[in-house]
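Same chain, two partners: chain A is paired with chain B first, then with chain C.
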Partner chain A sequence: MVEGKNQWKAWIYLLPCLILLLIFTVYPIINTVRMAFLNGYNGMMAVGGEKFSFGVKNFVDVITYKEFLTCLKNTMLLCVITVPVSTLLALLIAVCLNSIKPLNRLLQTIYFIPYVTNSIAIGMVFAAMFNIVGSFFGTPNEIVTTAGIINNIIEAFGGTKVNWINAGSTYAANMTVMVIYIVWNALPFKILILLGGLQSVNKQYYDAAKIDGTSRSRTFWRITVPLLSPMIAYVIITGFIGGFKEYSSIIGIFGETLGPASAPYSLNTMVGYIYRSLSLGNEGKASAAAIILFGIILVVTLIQLYVQKKRVHY
Partner chain B sequence: MATRTMKERNMSDIKNSQRIVKIVITTLIYVFLIAVAISVLFPFYWMINSSLKSLGEYRLTVPTFFPKKIIWGNYAEAFNAANLGTLFLNTLFVGLVSTALSLVITVLSAFAFARLEFKGKNALFAALLATMMIPGELFTITNYQTVTHLGWLNSYTVLIIPMLVSVFYIYLLRQNFLQIPNELYLAAKVDGTSDLKYLWKVMIPLALPTLISITILKMMGSWNAYIWPRLVANDGAHSLITNGLRNSFTDTSGDVNYPVQMAAVALVSLPLFLVFIFLRKYIMKGVSRSGIKG
Partner chain C sequence: MKLKLEGITKVFASRRQKGKEVTAVNNFTYEFPDGQLVGLLGPSGCGKSTTLYMICGLQKPTKGKIFFGDDDVTELTPENRGVGLVFQNYALYPHMSVKQNIMFPLENLKGADKLNKDEMLKRAYDAAKLVQIDDLMDRKPSELSGGQQQRVAIARALVKMPRVLLLDEPLSNLDARLRLQTREEIKRIQRETGITTVFVTHDQDEAMSISDQIVVMKRALVQQIGKPQDVYDNPANLFVAKFLGVPPINVFKGEVKNNKLYIDGKEIMPFKGVEKSYEDSVVTLKEKINYFIENARDVEKEKYAAAAQSGDTTGLDEFEDSIFLELLDQQKKLNAAIEAKVYNVYVGIRPEGFILDDNGNFPLELDKVEVMGRDISLICKSPAAQSPTVRAIISSDFKISEDTKEVKFNLKPHKVFVFNGETEERIIG
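Here is the complex of A and B:
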């Protein structure tokens, strides 16, 4: 069809792309793996002529290091909570939205807005909403000037205010704020995908169910969910991958301390650990952690693909 | 006779109760959906509400849901305190240049993968797609060293060049190019049209919606970039807009001046809203095929 002598042409078209990929994608893969397997690799020392022995010390150091285990726990916990919650909520919203006519387009647009926001910026808004100005749980003569709008709302409904993110706040309170923010942030994409899936479902299935007198919940679990299973699988898999890379939303809420002032780095995640090791000059550890992160993402993806093959069908 | 009317009555009763159930369910659905919409919008309302208050009013124990006195000065203060003017120009420059270069690279590569024949094409394309699985942090560790060695720290180059190639954009555009019938290309070849001219006159116009989606996503990417600029361009002169947000907006006593901070957040969020309002269709279309933020 197209003559072989034109082959060189294709390579010219690809040249800029390939050069950049070689420098900023292919070389980093090789080099990061190399650094991960050089015991205690440190960039500055390497420049100074220091030689490092080959081994798995970085990996051992990383997985036995308490700080990394905290990061791993935080990341896992956030994934395990936010992915199911946001998926179920998005599914419910999409199904409801699909069943109404008036206001449909307006609501659809509103639900998408959080997607086009800056996760640091809106994280700061959430932080302000949960933040207590004044002293709280601190000195005997506490003066709370404003407890933050969320606490105001809780008190309006007769509850007591909670120290969500300030100094002295509990891990559970911190996590709750993170989960709320991450779910709020994750909904738009999931709703968009699931709604798109619902709109392509053949109406005949529902008509048949109606004639048979199938109940609403049965219709939902037996028709809607199976028909949507490819989209549900897709939002779960992207949710998990995104969840394992969670970092900037934590900076948005807590700032660079990655935790309340009384417990800095207590909410750090795996990506946060990688950057912290990098900025401390521990490239070896950072590389090992990045490879562990890649391994986890790979395993999750493979599990999902396997489940998808077995379970996702009409 | 009598049994028949009873039956009819029963039927209409059932119909009536079914109608009532339907109305109740529809109402519940609306209540739920509107409650969700309010929770989605509330942070934005609170951001704007807070950004227009005086610090004293912000700190009231009983919050006000509309500022008693609107303080526009918070915006000017935020703009100056975080040096947002410089950061805005930096972001605009980096965003425009990297989008333009990225589009050229993407178009050329997507064309090669979609229309040209060469040895190892499929293997190369598969290899490119495989790199999408790898978390970006793995590249960042080495790229940070590379740009340090190249002496690129604190420059515009470091913010533009390492991020130029996006395999995902190439994939997206290639799929779009493949939908354009090959007959068009062969006809153009017979007419003696050069590849570049064909690309420019036929393929680019036909793939314009995808190119617009890529442009928007890339620009939004620059606008929202935080981690890489903080790592490699933290001298203030080359920082991007999001980095300015973590500036300390404090008052004279050293406490955080939340109204000013919220004004800065609102200033950063505003352009994103404008883009969303005017280009919603392209963004939602691009996103539904991607799942990649920015």
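Here is the complex of A and C:
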């Protein structure tokens, strides 16, 4: 505890950080709430001296708008599918990595690469891999040169090409690509956390289990998973939060159309909607959508914390 | 169930230097008697825990065989050996209740041994009752005291009725009072179950008080095996004498001349047979050196043999080959001593071996008097002593005045041990 006399010193040390936080975090949050509750708020008109009435019209507009509901559905779907899949995969890979002695470091590094790679760049690579015609447009007269590597592999095994992301592709195909991309991109962070957790587990638990003749699968489910449960909970919560904020991956794969050329914006997400509203000058709607997104994340996280209290051990 | 070790040896790759090896346990042969409690005792790094891990199967001996009864279990995995191990920090699963922890080994049983839920519960409660924790069954380990956790760990080890029970430093995580209580408890549990039990400790007090047999180890080698009292009364070498006994034995530098033992120039007692003993030592030391060379790795055999032949130790590493260098050094000094007929010995005198006597022939400068109630400790000084103080324990019936400067003692002959000054082996007079 700082003595009263010296408190001003502490404040001076904190000042640079506090100023930055006030300007770039606290003020924007307050302003977002303000804009959300001013009916039909528009930045340009506000500068022009226009006054807006107080109300919940922005929220009503957002919720009843069809495109927003598409965004909500996409976001939810991505979260619900990718978080469990990526967590399970990450757990599996982390356990495998932890039990390998040679090349352990090298493999850890390799698995971590996606985390430090630009997600737009990865998205473009994915787009190329899942391509069907070697072009983004797929217009009838375009010269078809080569298909993406995924379709090449499918054909090599005697399958037929799938239109994953090009014009005319189905929603299910689009989603599949998105899920694969997001899971792959989410793995490194999760592996890192879970591997750290595994390495801090006391080896004697495994020795004890070995002496008691515990089978490998039982050791995994009855000892490893419960001991890792705090890390697993953390990874799931941050996974959901990240999932709700998904946007750049869609840009990466589909470009600015946020969907195949035949169905633009069909894969838009909540953040994408907020971003588009902003660029169209609908700051009020964007703010309302941001607050709705915040509310959803808050509720989901609270539910998870509640479950965690019951399920996560010690 | 008898437990027999036949020449087990464990060699690890050295962490300090690549390609080098460190012997953790060297040629350990012993038959642990059926239904007894045996303490493996030694300072840290002496190989006692490695021995325990080899018995339970978590580590594989480099050489040698392990038998449970007549079964050779050397190649068996831990779960097929039927051992119960209590870890030093108990290794209780923190997310399971006491009951689940104890039942966990039973749930792993397969095939004909498989138990139904009721049988498991009954066995778990039986084990819990034995260690008196049956009222704590629904708690988590974090809600238990250290002593209670220890009992849970023992119950978990006992519940599958192991052939051999192993305890790794069972008392080291408990406070002093609990330690006394728990060691009685371990003894009681061992008696009641009659399971052959091996425990590892670095605390001689612990080992002496509850073991039926103790095995004293130092630097991978077994120094002495026997009943605690026998080992205490008849230490095989200076290390064992120093390691056992609280307060520790007093060690003096002395000399044997003309069949008499001298400390600090004063004649203490007659002592015969030192010449013969020194000559015997030459033979045993030679054997030790040969054994060491024989058991060295092929790449090093020649190097060691050459060094033993010529006495030239330039090619040896001070750290890696320290044991061998020490042996050579002992050999050199031993031969020199025999040639010069100078027998510098170590004399160990137990604190209880002093008899206060005004006409005694062993005077010591008195430093201070510690009154313990039951008896008195006289803290003395002697230039010949290895440690700064010499402790003599005498009955509190004696009254020592404050200003006494010197006390004179006679010695109880069976509390005085003489050790070879070079090899530190006991010389029986």
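Quick note on the criterion: the second predicted complex is superposed on the first by the 299 of 314 C-alpha atoms of A that agree within 3 Å, B and C clash if a C-alpha of one lies under 4 Å from a C-alpha of the other, contacts with A are read in each partner's own complex, and residues count from 1 in each chain.
One rule holds for everything that comes next: contacts are C-beta pairs under 8 Å (C-beta built on N, C-alpha and C of every residue); 3 or more make two chains touch, one makes a residue touch a chain.
Just so it is clear, the structure is predicted and the values come from calculations on it, not from any experiment.
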> After the match on chain A, would you call chain B and chain C a fit or a clash?
Replying inline: fit
> Counting only touches as set out at the top, which of chain B and chain C does A:Leu227 meet: first, second, both, neither?
Replying inline: second
> After superposition on the shared chain, which partner residues are touched by A:Leu107: those of chain B (first), chain C (second), both, or neither?
Replying inline: first
> Residues of chain A touched: more by chain B or chain C?
Replying inline: B
>> For A:Leu21, using the defined touch cut-off, is the partner it touches chain B, chain C, both, or neither? Pick first, second, both or neither.
In response: first
> Should A:Tyr205 be classified as contacting the first partner (chain B), the second (chain C), both, or neither?
Replying inline: second
>> Looking at A:Gly213 after the superposition, I want to know if it touches chain B, chain C, both of them or none. Which is it: first, second, both, neither?
In response: second
> Now for A:Leu293: first (chain B), second (chain C), both, or neither, which partner does it touch?
Replying inline: first
> In Å, how small is the closest CA gap from chain B to chain C once the two complexes are overlaid?
Replying inline: 7
>> Does any part of chain A touch chain B in one structure and chain C in the other, and if so which residues?
In response: none
> Inside the complex, what are the residues of chain B that reach chain A?
Replying inline: 25-26, 29-30, 32-34, 36-37, 39-41, 43-44, 46-47, 50, 58-63, 104-106, 108-109, 111-112, 116-119, 121, 128, 131, 133-146, 161-162, 164-165, 170, 186, 195, 220, 223-224, 226-227, 231, 242, 245-246, 255, 258, 261-262, 265, 268-269, 272-273, 275-276, 280, 283-284, 287-288, 291, 293
>> Quick check on the complex: what are the chain A residues that touch chain C?
In response: 202, 204-205, 207-208, 210-215, 218, 222-223, 226-227, 229, 313-314
> So in the complex, which bits of chain A are touching chain B?
Replying inline: 1-2, 4, 6-7, 9-11, 13-14, 16-17, 20-21, 23-25, 27-29, 31-32, 35, 43, 92-93, 96-97, 99-100, 103, 107, 109-122, 124-126, 128-129, 131, 133-134, 144-147, 149, 152, 184, 187, 189, 192-193, 196, 216, 234, 238, 242, 244-245, 247-248, 251, 255-256, 271, 274-275, 278-279, 283, 286-287, 290-291, 293-294, 297-298, 301
> Along chain C, where are the residues that touch chain A in the complex?
Replying inline: 56-58, 77-80, 83-85, 87, 89, 91, 93-96, 104-105, 108-110, 140, 142, 156, 160
